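Written below as structure tokens is the structure these notes are about.
Chain lettering (A, B and C) follows the sequence in which the chains are written, and residue indices restart at 1 in each chain.
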Amino acid sequence: MSELTTILICMISAGTPIIYALTGDLIGQRAGIISLSVEGSMLCGACVGFMLASSTGSLLLAVLGAAAAGGAIGSMQAFLSISRKSNMMTTGFILIFFAQGLTTFFGRGQLGTSLGKSFSLAIPGLSKLPILGPVLFSQDILTYFSYLLPVAAWWALTRTRLGLLICSVGERPEVTEAYGYHPKRLQYGAVILAGVLAGIGGAHMSVIYAMSWANNMINGRGIIASSLVILCSWKPQRAYMAAYLFGLAQALQIFFQIHEVPVSMYVTLMMPYLFTLIALAVISTSKKPSMPEKLKIVT
Amino acid sequence: MKKRLLSLFLAAVLLLALAACNGDTNKTPDNSSDQPGNSGSQDTQGSAKPGAGAKKMGIILGGTKDDYGFNLNFVQLAEQAEAELGIEVVLKENVPMTSDCEGVMEELIAQGCTILFPSQFGYMEYSKNVADRHPEVAFFSFPITDYVGDNFSVIHGEVQDVWYLNGVLAAECSTTDKIGFIGSLPIPDVIVAIDAFALGAQSVKPDIKVTAVFTGSWSDVGLQTTSVNQLIDSGCDIIAPFQDSIKTIMEICRSRGVRCFGCNADAYELAPDTWLSACITDWSGYLPYLKQTIDGNYETVNISGGMELNLITQATYGDSVPTETIKKLDAVREQLINKEIAVFEGPIYAQDGSVMFEEGYRPTIEEINVIDSLVQGVDGSLN
Amino acid sequence: MNKERSAYQDFLLRALICCCAPLLLFAVLLLSQGKSPIAAYRTILTAIFGSAYGFGEVVVRATYLILTGLAASVPARVGLANAGGEGQMAMAALGTAVAGSTILASLPGWIGIPLMLLCGMLCGAAYAGVGVFCKLKLGMNEILTTILMNYIATYLISSLLFGILRDPKGWNYPQTVEVAPQLRLKSFFGTRMNAGIFIAVGASLLIWLFINRTRIGFTIRTIGGNQTAAVYAGIPVKRYQTGMFLLAGALAGLAGAIMVIGVEGRMRIGAGETMGFMGFLAAGMVGSHPLLLILSAFLIGGLTVAGNGMEINTGLPAATMQILIMLVLLTIMAVGGGKKK
């Protein structure tokens, strides 16, 4: 296998969990609520998803369970930051640590279990294409969904009534209310959806990518996903760019070391964060980001 | 807003009030919790040895117990000590390798532990502080250090011999002659392990390539997965990790049909087919010292040794290791134990071709522990 | 009259829920594991108040949390968010440790210690300066920038500790040379408690006075209240924001410096980890109020220490204690919130 293919495969698989969490949180932020807790949702999704996948052997059940677990954390974030009006960043951090505790405690039984099978599923025909085949179409069902997710989110947010309403809540909730809708319900929906999607992303991480459950396996990826929303300038179609940039940097972390590129190992390990920082600088200087009005007051 | 602040304040006040009430009632449990009894009585007698009659032993860990790696290792020590010495063992997980561990050790002592077992180098400086304050508590340091004295002992298991054996095993099993090593951070233990592993492999196949990568953390699952996949894609058919938690690495290796080593714990049962072996601590060499301590005959020791002292050993071989290879390994092990050969016997050359150890020279363990370069034949960089 | 009493009762009820709900919930978890909640809860008290040492541990943690909490709350007053307390604290600790073993090593304590603290503050402010530069000159979002810079700081420190700053006598482990002994803060009562707590409490008092009692503080409150209005009023908002962000970095840096000269004595990998995030959390819990921050810092510090004691006592994994701590904080967030204007 050529080196390029290897890197691209790693890029896609490392980027997929990010895409889920990123798209989810993006929708939530458009509604005016930042859920840093997507990290916690990912952890719960990874733990529950792995538990179900190893015990039932069904990917569908695993994804449903992961979505429910992620949604549970999401609904806690929603309750606290919408109904109780608590500081959303603080709530997010608390929920992350809470989820770490919960999953470490209840996931102990899963540490020694193995899945017993792989859930990858090559698409017949397409997977035979040179380079693109192994990279894009020899993955798994969750990855194929992730290709569509940002586009779907873009369509939903800009072309459907519900999506436009969600965006309007993030800009002018009083206007939404004046038109007879419930801003709180819309926010709840958006934040829980963020948790659900992040949970599925977590399941991809444990069931498909790492094929095992380990304590605190998300290790900051959720926080990064939540902050990458800023890099996307709150536009879902840019999720591909942000997530795969981060994935590519992760793939290069090890690639540079294996192929003895004369760069310090610490610089290679820093790359995901450096890349993001540089990308942010480029985007910020060239264009004004379209931050939802509600978020401007919060910070 | 105001209400939240007030309630927070009240919560704190209530907690304080509770504590004040509890102050009086707690006098009795305070006395009864003193049952190991050495702290109070011993100062006056001054003759009892540290840790004499210990009922509780505390082990201080840097990670979580169930990681199939370094920390699981100590769970086995706990089990053996509880079964053979009848002592209660308390494991404290997730202790940061900073001065915060001092507080944890004080708390362990307050709860009746009179033997402490700090497991990481980062604890040493602070264990010594605690040891000076509590002469009645016996300390056994796992890593090698220069704080030895009074109630502070070192029992260090030297890893290089067993990693050398692992290297021999890897070279015997490899068909592509490329081996991947996934290190965490370039601390001395990891560097020694990589070097010994590479030297072992080179003793069988002089031209074998060992590729070392570092993940910069002890258990980042994502980076572990990326490393294994990329190492396998670049042609490695044996993977050796030096990580805390190796479950993920083993799972990926199994799914891709590549054989792998473990690290610091026997995880044979996770994947018998693709498992090769691991370097693990042999607690049977430690227990006599603990027993001696409990019996009241503590003596300061400063021991460093390998298989000959039963401090370290090789884990179960995987199902795929052929019998003749095991025979060969046994022979090499004999030679290592009898000191016929030594892992770092010169000439040893560093990556850049400079001489690390002169022809025929056998470095001491102090010299081995401060090796800070990789040997020739290893691809990878320490900075 | 009647209304007042009901508000009072409501408040009592909330406080009661804050105290009891997490403990009750956690008792269920303990019982399900076959452990006695009463014994476990008694350990909470003995771990914190049972000995001077235990209380000292709480104070040591509270010191960092107050300062990193201030680092998060000061920029919040001018409409910025600083999530980079973690990185700023670590960089400052490294800078202090290096200065204390090289250029400042020969100075006597009375001048050396203030210089060490100043050095830490400068390092913290410098690292925060990168963040504020990105924000005000390049228009980059400061939350993302500071979060990313936390990670970058981790690897930067690793590379230095494994590289040129490694203690030659440290068995090759990643740590700096020890700070000269006369530059260390004395610890009290045989605990790890040191004068750092006075510095931290003093800092939060000063910040409170500065924001609420000075002319500059009034301007700052104006900016925090309505940034657009402040711009129209002719206030140089950006200059104030820069100043406050640098001040925040300096405060986080102070935490790092106190850590090094107080308890650590040198810098090593992982020193002060999560203290920045926890400080951010402590600040968020009290709505960035500098004085109440002292309380929330002590609460979080106390819970961590109690968690250690309880883990040792019950033999349950560390994760259970994390669950308890977060249950307490979640309940406070849930009960304390409600209708905010």
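Rule of thumb we're sticking to: contacts are C-beta pairs under 8 Å (C-beta built on N, C-alpha and C of every residue); 3 or more make two chains touch, one makes a residue touch a chain.
It should be emphasised that the depicted structure is a prediction, and the values quoted were computed from it without experimental measurement.
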item	value
Pair of chains ranked first by number of touching C-beta pairs	B-C
Centroid-based (C-alpha) most distant chain relative to chain A	B
Chain A and chain B, separation of their C-alpha mean positions in angstrom	35
Whole-Å separation of chain centres (CA-atom averages), chain A against chain C	28
Centre-of-Cα separation between chain C and chain B, whole angstrom	31
Shared interface positions of chain A, touching two or more other chains	86, 104, 108, 215, 264-266, 269
Chain B: positions in contact with at least two other chains	4, 64, 216, 382-383
Multi-partner residues of chain C (each touching 2 or more other chains)	155, 158-159, 162, 285, 287, 317-319, 333, 336-338, 340
Touching residues on chain A, where the partner in the complex is chain B	1, 3, 6, 9-10, 13-14, 86, 104, 108, 111-112, 114-115, 118, 205, 209-217, 219, 221, 250-251, 253-255, 257-260, 264-266, 269
Interfacial residue positions of chain A with respect to chain C in the complex	76, 79-80, 84-87, 89-91, 93-95, 97-98, 100-102, 104-105, 108, 215, 220, 223-224, 227-228, 230-231, 264-267, 269-270, 272-274, 276-277, 280-281, 284-285, 288-289, 299
Chain B residues within the chain A interface of the complex	4, 64, 66-68, 211-217, 219-227, 229-231, 233-234, 245, 247-248, 250-252, 254-255, 270-271, 379-383
Partner chain B, residues of chain C touching it in the complex	10-12, 14-15, 18-19, 42-43, 45-51, 53-54, 56-57, 60, 155, 158-159, 162-163, 171-174, 190, 192, 263-265, 268-273, 285-287, 289, 292, 295-296, 298-299, 302, 305, 308-309, 311-313, 315, 317-319, 332-333, 335-338, 340-341
Residue numbers on chain B that touch chain C, as the complex places them	1, 3-12, 14-15, 18-19, 22-23, 26, 29-30, 58, 64-65, 90-94, 96-99, 102-104, 106-108, 110-111, 121-122, 125, 133, 143-145, 185-188, 191, 216, 369-372, 382-383
